[in-house]
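Labels run A, B, C and D following the written order; every chain starts at residue 1.
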Amino acid sequence: MDESIVGTGRLEAFSDGVFAIAVTLLVLNIKVPLLSETANGAKLLAALRGQWPTYLAYVTSFLTILIMWVNHHTIFRLVRRSDNTLFLLNGLLLLCITFVPFPTSLLAEYIGHQGEHIAAAVYTGTLTVLAIVFNLLWYYAVSRRQLLRPDINLALMKRFTQVYALGPALYLLAFVLAFVHVGASIAVCVVLGVTFALPITPGAILQRGARE
Amino acid sequence: MDESIVGTGRLEAFSDGVFAIAVTLLVLNIKVPLLSETANGAKLLAALRGQWPTYLAYVTSFLTILIMWVNHHTIFRLVRRSDNTLFLLNGLLLLCITFVPFPTSLLAEYIGHQGEHIAAAVYTGTLTVLAIVFNLLWYYAVSRRQLLRPDINLALMKRFTQVYALGPALYLLAFVLAFVHVGASIAVCVVLGVTFALPITPGAILQRGARE
Amino acid sequence: MDESIVGTGRLEAFSDGVFAIAVTLLVLNIKVPLLSETANGAKLLAALRGQWPTYLAYVTSFLTILIMWVNHHTIFRLVRRSDNTLFLLNGLLLLCITFVPFPTSLLAEYIGHQGEHIAAAVYTGTLTVLAIVFNLLWYYAVSRRQLLRPDINLALMKRFTQVYALGPALYLLAFVLAFVHVGASIAVCVVLGVTFALPITPGAILQRGARE
Amino acid sequence: MDESIVGTGRLEAFSDGVFAIAVTLLVLNIKVPLLSETANGAKLLAALRGQWPTYLAYVTSFLTILIMWVNHHTIFRLVRRSDNTLFLLNGLLLLCITFVPFPTSLLAEYIGHQGEHIAAAVYTGTLTVLAIVFNLLWYYAVSRRQLLRPDINLALMKRFTQVYALGPALYLLAFVLAFVHVGASIAVCVVLGVTFALPITPGAILQRGARE
């Protein structure tokens, strides 16, 4: 037995913690309009409305991290054991996840202003890298049979591989769109978030019923 | 067996993390009076006293998130398995929970100033949406018998459904009051928080004694 | 069987999360000296040294929350089940814990300036209330035999009750000292933190060896 | 049986929380360039590029905390029980971990400016203390046979002791280098982070296969 292979319990707990914190820190990007700049209720309302890019960025990033968590969950329901490489790839994924609040904040600040193309490119670029790292983690995990649970439905796992592979391609499309039309670029990210949220069926990859 | 149905272990752990972080981030809204603006002890004390809306908003939001966590706990003690819809509704609930620090901060900033009605409306509006999403999650969970534990006390569960349904109605009342009298509006939120804290009896819905 | 009594698993997990976040947020109070105000290395060093109250407040609060977590752990190793009152007292304790970063920040800002007595009074006052709430939680838990594990060493538990009861009295002393001598007041808090850290022996209260 | 010895379950969970939060808070050090100072896309891009020390500090600290978590994990897979001293040493380690975001932020602010040597010295000094505390924790744990699992591979454990002992020495080298060449100093930290990431083989110290 390869001694460098270990269980995944604390790895998952630590990752869950990082996902939960990253998703909750996003709200710190939404700033309260300064009292000194909003003389009355109407002005406050206008200021709050004017912040719509912040809310949009908030929801998009929330959705993206949540979906990434779901899919992380999917991987680790199939994986029974971890080795050094899987650990490092997971660390790389968490590095990307914890970084997300920064481009989110950048995007929120610059939408509708000069520099919004750069901000959207940094945002979609980050999500592209995130999707690539996720795919590396997935490919590595599913290509090491000794790390996986024995009761895997291989056909279904292949379908997942194909679906996940669309991620980097489509986020790259959003990245290219960022230089042309920021709204369209973010729309792609939102659609991707919602789409990837739908087929949450790790249970289906296991041939017998899943018990957790 | 429907393969898209999975266990709830990591879903609960992730949700617990989000609740715990959201509730702890609230304190960041309480600002330390600037040294440059408080020449002596008496002025510092006055500045700290003048911040009472911040403390009030802090306690109200703490109470609301804590109670929401208790009731989230109640749902998932009855639910044995999760499916896609339950997962998405839970994600929507967490989106609302992580958002709470923003309206809390807004309310703290504007109480006693022009614009306090708008701030209170955003605050109570958020809590109303939160209560609606919670009810959607509850209705969905209790109407899918295959997701529930087999030993449910149906009569008691119905009573819970009735009690929970009061939430959106009463928060809507607080929302309407926000445009009339901010203090009364927040008072309703505090009373709701305390009231919903009382009947924490998920154990009672299970016919046999609960073991966790 | 009283149906309002439930297990403590998720209660502990949620509390642990709150303690861990509160203790980690403390570092946000330590500000980096502004580049514009520190022309060279010597000035930066002087600015960093001048921030010693911030480091002191950081370590004191870290110690206090850590010790509070240890003792919270002690209570819940003895408690087997939770009821509504225990839950509410725990919520009150968490409210105090999440509040600690604010008086810590206040103390760090005002030590050595006018207003330091007020800041130290708010700080030690918060710790006094925290100690009182902790004792309420402890008294309630140990006086409800049906909530406790059956294998409690009653004599030892009584000794704990006596030791814990010193907490509010000594923090109250620190509170009074805050108006006279800030340094002495904080010294009492540090000594209390270290002292309460020592007798971490919940295992000893259980008559048979503890297995977790 | 020594009654002051207890299990490590909640100790690990609490530590995991602190590690996860500290690693995620690092992103708050990366500031969004102010809209008012970046007139167009080119200037925003230049501002983002000019922030490279922030990204470097972010990645270095992320790596360091992650590796520290891995090695913390290694210790607690070998340790079966905790006592007062182990608990206090663990608390000291967590104090250092939660402090890391501050020197990270300091380093990011001062690289390339007057005062960068002081900032790098504070940064590498913190990591040196962290490495020393980690070694104290390790030495204490492995020298108390009653705290360890019975199936330890002693030869391998000795090799770990030798590898870990390099940490403080090499971070001390980075600390000395900070006064001479900041880039070289940080390079040592990055190399150390990556190197310590590689031999993640706690399983190997256990003579039979590890099951978690």
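Note that in this section contacts are C-beta pairs under 8 Å (C-beta built on N, C-alpha and C of every residue); 3 or more make two chains touch, one makes a residue touch a chain.
These numbers were taken from a predicted model, which means no experiment stands behind them.
Distance from chain B peaks, on a Cα-centroid basis, for D. Taken over every residue number at the interface, the positions common to chain A and chain D amount to under half, indicating a different-residue contact.
Centroids of chain B and chain D (each the mean of its C-alpha atoms) stand 35 Å apart. In terms of their C-alpha centroids, the spacing between chain C and chain D amounts to 25 Å. Among the residues of chain C, those touching two or more other chains are numbered 13, 17, 21, 25, 28. For chain D in complex with chain C, the touching residues are 1, 3-10, 13-14, 17-18, 21-22, 25, 28, 84, 87-88, 91, 94-95, 98-102, 105-106, 109-110, 113-119, 122.
Per the touch definition, chain A reaches chain B in the complex via residues 12-13, 16-17, 19-21, 23-28, 30, 32-33, 35, 38-41, 43-45, 48, 58-59, 62, 66, 69-70, 73, 77, 197-204, 209-212.
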